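In what follows, a single structure is set out as structure tokens and then discussed.
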Amino acid sequence: MTFRIELKVRDYECDLQGIVNNGVYFNYLEHARHEFLYANNVDFAKLAADKINLVVIRSEIDFKTSLQPCDEFYVEVSPERISKLKFGFRQRVVRKKDNKVAVEALVIGTSVNEKGRPFLPNEINDLFPLSASKQ
Amino acid sequence: MTFRIELKVRDYECDLQGIVNNGVYFNYLEHARHEFLYANNVDFAKLAADKINLVVIRSEIDFKTSLQPCDEFYVEVSPERISKLKFGFRQRVVRKKDNKVAVEALVIGTSVNEKGRPFLPNEINDLFPLSASKQ
Amino acid sequence: MTFRIELKVRDYECDLQGIVNNGVYFNYLEHARHEFLYANNVDFAKLAADKINLVVIRSEIDFKTSLQPCDEFYVEVSPERISKLKFGFRQRVVRKKDNKVAVEALVIGTSVNEKGRPFLPNEINDLFPLSASKQ
Amino acid sequence: MTFRIELKVRDYECDLQGIVNNGVYFNYLEHARHEFLYANNVDFAKLAADKINLVVIRSEIDFKTSLQPCDEFYVEVSPERISKLKFGFRQRVVRKKDNKVAVEALVIGTSVNEKGRPFLPNEINDLFPLSASKQ
């Protein structure tokens, strides 16, 4: 099951090349991940207040097509368990008018407690099922 | 030879976890790449005005330590030719007070002309020497 | 007639106080103005490509309530002609759940041509009718 | 006494008009205010952690000249007590090469405690002396 949110380019997100700045896709991807987490009862802001920080440890992003002013697009999120302490998100940014892929990404995260130690809350554990082979 | 710029965290770059937002490192890395290019007589803004767009096609970023408010840091850039039409940047974000690496990245770019066709300006070609093995 | 767009806070827009960073409201307001302009056939990006730049010359913003993660809100835009060469936007950012006003703003702009001279395109002129008293 | 920090435009801060996006000046101004506060022993981030939030309640910004890629500039901060519970910052963004003023601003803030009640920490009180006439 792929989670999806719909967005539209905002002019201030475009840079002097007239296209969406590369760094902004990182924002789109993050926003989609958080919406995915909220939709699955993982409250990023509340966890942060409780000193449990979900952190990104690696991101791989392929930039394929540039979004432009007024483009409507959607961002997809598919969860994927990476290892006992790591969880991943397969993501795509897709332009709506022609279903062209703008960005493909794999973002890997973990979760740390107040002391900076790895600590996976149950709700994260449940959302990214650990296959037998990775235990 | 590694190129380097020095920066300092700005509070607005921190998010509700109280640390620099992941997407902001992308901005730091881009700024350092452009400074590196300007220092080597590659004018990103002028090229954009001439309809030659330098574009990132892939980025791999490892997040290792989180920068916090007031942290001073430097961003390193080392050029690396990837292939005939692709050039790369090995980059690191390093906290000054203890030389701890915050982020390690490989960013791969290419250059396209007005028609979207790959086109490497001479100044880029010279900056990223093509080794015999990659020709 | 008041123009309105609906948005939702994105976590990366929040700062270390856990609320939307003040500078981000400026982005919300700009995005709503551009959507208002696009909806009235004024194409900001196309004008920029034609070297006609719409520029903000003054903004007055009152910050009344802070938006928080997950808040849904709308941004209102009402056009108001300021003088022969200046046009204004009365704007409000309003939280949806209780209609509480987060931000009230007056943003005044003008338009300049390639030489930096004031130049109001017809479509702007028509959108902000000049009352007899201001001619 | 006017406080001052020096900065340089980063390309990603420029929008599709090829100039620094208006909202970014708000970031510059905020960063300069925080540096001013830190330099005077007011720790914005620590206060936030202690649930004392310094908040902007009004900003007036006049945009006079647009900064461009590679421009170096400085941001000035002069404190000004507005009233018993309000403090202000007179600010200017000035381009270095010709001392041309890019932005002039008055930013007014107050400070609230965990309950959202006005509460001015002593260090703020001392930094913005209350003249007899405003008591």
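Letters A, B, C and D mark the chains in the order given here, with residues in each chain numbered from 1 onward.
Throughout what follows, a contact is a pair of C-beta atoms (placed from the backbone, for glycine too) under 8 Å apart; a residue touches a chain by one contact, two chains touch by 3 or more.
As the structure is a prediction and not an experimental result, all values here were calculated from the model.
**Student:** Given that subunit A and subunit B are copies and touch, would you call their interface same or different according to whether over half of its residue numbers are shared?
**Tutor:** Here the answer is same, because the shared fraction of interface numbers exceeds one half.
**Student:** Which chain pair is joined by more contacting C-beta pairs, A-D or B-D?
**Tutor:** More C-beta contacts join the chains of B-D.
**Student:** Since subunit B and subunit C share one sequence, what rotation angle in degrees maps the C-alpha trace of one onto the other, as a multiple of 5?
**Tutor:** 180
**Student:** Measuring between Cα centroids, what's the chain most distant from subunit A?
**Tutor:** Between subunit A and the rest, the longest centre separation is with D.
**Student:** Averaging only over C-alpha atoms, locate the centres of subunit A and subunit D and give their separation in whole Å.
**Tutor:** Roughly 33 Å, centre to centre.
**Student:** Starting from the mean Cα coordinates of subunit A and subunit B, work out the distance between those two points in Å.
**Tutor:** Those two chain centres are 22 Å apart.
**Student:** Determine the centre-to-centre distance between subunit B and subunit D, using the mean Cα coordinates as centres, and give it in whole Å.
**Tutor:** 29
**Student:** Two or more other chains in contact with one residue: find those residues in subunit B.
**Tutor:** Those would be 11-12, 14, 16-18, 21, 23, 27, 30, 45, 48, 69.
**Student:** Which residues of subunit C touch subunit A once you look at their complex with the stated criterion?
**Tutor:** Within the complex, subunit C touches subunit A at residues 10-12, 14, 18, 27, 30-31, 34, 38, 44-45, 48-49, 68-70.
**Student:** Which subunit D residues qualify as touching subunit A in the complex?
**Tutor:** My answer: residues 11-12, 14-18, 21, 23, 69.
**Student:** Residues of subunit B touching subunit A in their complex?
**Tutor:** Per the stated touch rule, the residues are 16-17, 19, 21-24, 26-27, 30, 45, 48, 53, 55-64, 66.
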